[in-house]
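There are structures below to look over.
Two complexes, one shared chain (chain A), two partners (chain B, chain C).
Our next item is the complex of A and B:
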C-alpha cells in the first residue's frame, strides 16, 4: 500500500484567510483536534511564515513565540512545523528561538527560481538535528527542468524533502504529474505537493501528485487557506483511503477537526470566488485575493483586471505593494478613457 | 587545541608511518607547496610533515597557500607557528610564480562541499579549471620540481554502467553534462585531462589522486554528508535519520591513512597515473548509523525512513595502490568511528 505523509497547513495558510488574526483559542482548539486525528505534521504561524508579521504582508495578532508555544503545548503525537522564508525569517532572531519552542519540522521556502537563498536556513536546521524540507513556491512559473535544478540545490543543502507549491492554484492535473514526476524520478529525497483550489483542482491535483510519486501532501481542514483555499484535508484523507493510499489519519477525528475549523475559526468557508478563479487563471499568488479586493474597492477598479495585470507582470508573494500600484495605474487608465 | 587531541593526532601519525619512515625519505630536506593548504587535506599533510620532522628529523618545509590563512592561525596555532611552515594568502587562480626552490606540489584547492557547488557553480568551476591551469603554468618554470600531486575526486567516475563492488581506476563512467550536479565532477575531470596535457606537452611529473570519503579530525560536522550528520546527531542526542532504505554502500578512510597515502603517491606515484584514495571496505549507511549510535552511547534512535530505495555502491578498488605502492588501510572502520567520536566530542567541548 502506498503511504503518504499529510502536512497540515490549516493554522498557517489559514492565517491568510483571517488576515493573520489567529487567536490562542483557535490554535488550542485546532491543535488538540489535529493531534487526536493523528495528523503527522501541523504547521503553525503567520501565513507568510516565521518573522513575516509586517505592515506589508499583514500584522499578526499573536507573535510567533505565542503561536508556537501555544501549539507545542497541545501537540503530543503530531510534529510541529513552521514555514520559513529567508528574508522574513532570520536565523538569529527567528529560527533560533523557534527551536527553543520545540519546532520539529522547518519548511524553508523560496520563490521557485531562488533556491540559493535557502542554504543557510536549511543547514542551520539540520545542524540542530531537526527536519528540514525545501519548498519551491509559485512553482507554475518555472518549467520542470528549472524546478529540478532548484530542487537539486535544496537537496544538496540538506533538505530531506522538496515540496512544490501551487501557490496560485494554477495547475491542472497533467501539470502536476509532469513536474512532480520529473522531480520524483531525479531526486534522492521525497517530493511533496501543496495545492490551492482556485480552479477546483485541489484534490484532483493532490491525487495526481501521489500518482506521480509525491510522498508528502499538504492540506488544510475545510480547505482553510489563502484565496480559494487549499486541498481540503479531510476530503483528501477520505479520497486517499478509497484509492488505497495510507495516511495514518483517523477519518472521523479529521472530520471533527474540520468541523471545529468551520465552527470556531473561519469567518467564511473558502469557495471559488470570481476573484479566486481569476487568481488561478492569471497565475497570481492566492494570498493576494483580499488585498486585491480592498485595492479594487479603494480605487474603484475591477479586481479581475488587477489580477490579470499582476499576472502579466509575474508578481510573486512578498510583492504585495505592487497591488496598489497596479490598481492606481488602472484607475488612471480608466480616467484617461 | 587540547593536549589530549594533539596527542591523539601524533599517535595517528605514528601509527601510519610506523617505526621506519624510509618510504618517505625522498621528502627529506625538500620543500612542498600545497594549494588549499589550510583545508582538511592541507592540515593533515602539515600534521604528518611536522611529525616526520619532530620524530625522524626529516627537515621538510611546507608552503601552505590559501585564501583565509587567519582562520588557520586561529584553528591550528600549533601548526601556524611552526618555523618550517610558511603561510601564503592568495587565490590559486591568481598565482604568477612559485618559489624557485619548491620540490613537490600538492594541488588540493577546491572544496568538495556540494552546497557550494550548487550555490556558486561558476566560481567552483573556475577555481578548479583556471586554478589548475594557472598552477601548472607556474610549475612548468620550476627547475627542481620532482612531482605534482593533483587531487581530483572519486566523483569523476560518474554513473557506472553495471553494479560492481568496488571501482577501479579505469572504470570511468558517464556524467550528464547538462545538470548542476555535474559542476564539480565535470570540472575535476577537465582538470585531470588538463594535467594529462601538461604531462604530455611540458613533461610535468603529475600524479593524480581520486579521493572518496573520509571521516575524522579536522572535518566539520556541518558538512552535508551522511556520516557527518550521523555523528553530529548522535553527539547531540537527536535521532539519526536515514531517508533511504539505509542500503547505500560507502566506505570511509581515516585521515591519517589519507595523509600518508597522499605523501606516498606524491613521492612514488607513477607520472601520468591516477590512483584511488579511500578505504576499499564497503559498509551500508544503516550499519554506519548503528555503529555511530553504539560508540556514541547515545539515547537517540536510528530512524530508517524508507522514502526511496537506494542500493548504490561507491567504494574504491585498492588493487593498484596496493600492488604498486604497497599501501594498505591501517585504521579500520570501527576504530575510525571511535576516534572520530572522541575528536568531535573534544571539539564540541571547545
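Our next item is the complex of A and C:
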C-alpha cells in the first residue's frame, strides 16, 4: 500500500485568511483536534512563516513565540512544523529560538528559482538535529528542469524532502504530474506538494502529485488557507483511503478537526471568489488576496485589474508593496480617462 | 589633480561595478584589483581595462601594502572579519561594502563628514543605503515613531553568491542602521529576490507606524533628502510619495543603475557603490586639503 505523510498547514496558511489574527484559543482548539486525528505534522505560525509579521505582509496578533509555545503544549503525537523564508527570518533573530520552543520540522522556503538562499537555514536546522525540508514557492513560475536544479541544491544543503508549492493555485493536474514526476525521478529525498484551490483543483492536483510519486502532501482542514484555500485535508484523507493510499489519519477525528475550524476559527469558509479565481489565472500569490481587496477599496479600482497587472509584472511572494503601487497607477489611469 | 590610490578586494558583482566607478572618478585611481580566480568574469573585465590584478586575495595587499591608501572590501561579511585586522595593521583605510558592521555606519547624505576620522567605514547594505535616509527623515520630522519597516526587492541576477549567503547579515545590519539613524527602537528589514525577465529595477519601500502624522513636514523632508541622494545616485527616484493609508505611512523609491557592469536594473549595486565612491572621494579631498 502506498503511504503518504500529510502535513497540516491549517494554523499557518489559514493565518492569511484571518489576516494573521490567529488567537491562542484557535491554536489550542485546533492543535488538540489535529493531534487526536493523528495528523503527522502540524505547521503553526504567520502565513509567511517565522519572523514575517510586518506591515508589508500583515502583522500577527500573536508573536511567533506565543504561537509555538501554545501549539507545543497541545501536540503530543503530531510533530510541530514551521515555515521559514530567508529574507524575512534570520537564524539569530528567529530560527534559534524556535528550537527552544520544541519545533520538530523546519520547512525552509524560497521563491522557486532562489534555492541558494536556503542553504544556511537548512544547515542550521540539521546541525540542531531537527528535520529540514526545502520548499520551492510559486513553483508554476519555473519549468521542471529549473525546479529540479533548485531542488537538487536543497538536497545538497541537507534538505530531507523538497516540497513544491502551487502558491497561486495556478496548476492543472497535468502540470503537477509533469513537475512532481520529474523531481521524484531525479531526487534521492522524498518530494512533496502543496496545493491551492483557486482553480478548483486542490484535491485533484494532490492526487496527481501522489500518482506522480509525491510522498508528502500539504492540506488544510476545511481548506482553511490563503485565497481560495488549500487542498481540503479531511477530503484528502477520505479520497486517499478510496485510492488505497495510507495516511495514518483517523477520518472521524479529521472531520471533527475540520468542524472545529469551521465553527471556532474561520470567518468565512474558503470558496473560489471572483478575485481568487483571477489570482489563480494570473498566477499571483494567493496570500495577496486580502491586501489586494484593501487596496482596491482604498484607491477605488477593480481588484481583478490589480491581480492581472501584478501577474503581468511577475511579482513574487513578499512583494506586497507592489499592490499599492499598481493600485495607485490604475487610479491615475482612471483619472486621466 | 593627484589621484588617491585605491585597491578593490573582491571581484564579484559589487567589486567589478565599483571598478568602473573608480575609473570615472577624477579623484581616485584603482592601483590593484584583487580576486581569487583569474578566469572570473570580473577579473577578465579588469584585465581588459588594463588594471593591475591579483588572484591572491588579501595576501596581495599584505605583499604590497604601499599599493594603496584605501581598500574597498567587496567580499563577504565573514571574509571581512578576517581582512579588517590585517588592513588595520597595515594602516590602510577600509571602506567596507559587506554587511560585517565592524566600522561606524555611513550614509553619505546624512553623516559623510563624521566618518572621515575612521579607519574602517561600513557602507551598511544596498537596501540600507536606499531606505535609511528615508527612515532618518521620518525620525527627524515626526514626534513619535513606533516602528519602521524597510523592504527591498532586487533582481535575482543582481544578487551574487556572497549576497545570497549574507542574507541574514543583510537583514540584521540594515535593521541596526534603520534604528540608529531614525532613532526608532523597533525596526524590521525584508529582502526579496525577483527572477522576472526582463529584470526588475531595485525597489525599496519604507513603512512606518506614526501615531500623529505630520505629512507636510514629512513630504518636504523627503523631497530634500531625495535631492541630496540624487547628487551621488542620479537615478534614485521616489515612485510612491509619502502616503498615509491603512494606518501606516508608506513610500517607495526605485533605483536604476548606470549599467556599468550589470545592466541598469542592478540599482542595488549602484546605490552602495556610489555611496562608497562618495566616501572615498571625500577622503581624497580631505587628504589634498591637509585635513587628514
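We adopt the following convention: the second predicted complex is superposed on the first by the 337 of 337 C-alpha atoms of A that agree within 3 Å, B and C clash if a C-alpha of one lies under 4 Å from a C-alpha of the other, contacts with A are read in each partner's own complex, and residues count from 1 in each chain.
The rule is short, and it goes like this: a contact is a pair of C-beta atoms (placed from the backbone, for glycine too) under 8 Å apart; a residue touches a chain by one contact, two chains touch by 3 or more.
Quick caveat, the model's predicted, so the values are computed rather than measured.
After overlaying the two complexes on the shared chain, residue contacts for A:156 are found with chain B alone; chain C is out of touch.
Within the superposed three-chain model, A:116 lies in touch with chain B and with chain C [touch as defined at top].
In the superposition on chain A, A:90 makes contact with chain C only, not with chain B. In the superposed three-chain model, the partner touching more residues of chain A is C, compared with the other of chain B and chain C. In the superposition on chain A, A:55 makes contact with chain C only, while chain B stays out of contact range.
With both structures placed on the common chain, the touch criterion links A:26 to neither chain B nor chain C. By the touch criterion defined above, A:190 lies against chain B but remains apart from chain C after alignment on the C-alpha atoms of chain A. In the superposition on chain A, contact of A:12 is made with neither chain B nor chain C.
In the overlay built on the shared chain, the residue A:46 is in contact with neither chain B nor chain C.
Residues 116, 119 of chain A are contacted both by chain B in one complex and by chain C in the other. Residues of chain A that touch chain B in their complex: 116, 119, 123, 126-131, 149, 152-153, 156-158, 160-161, 188-190, 215. Of all residues in chain B, only 114-115, 117-119, 179-181, 221-222, 224, 229, 232-233, 236, 238-239, 241, 243-244, 307-308, 310 touch chain A in the complex they form. Across the complex, chain A meets chain C through its residues 54-56, 86-88, 90-93, 111, 113-114, 116-117, 119-120, 141, 294, 298, 313-316, 318-319, 321-322, 324-325, 328.
Taken in their complex, chain C has these residues touching chain A: 147, 149, 151, 153, 156, 161, 164-165, 167-168, 171-172, 188, 190-196, 200, 203, 205, 207, 209, 239-240, 243, 245-246, 248, 250, 252.
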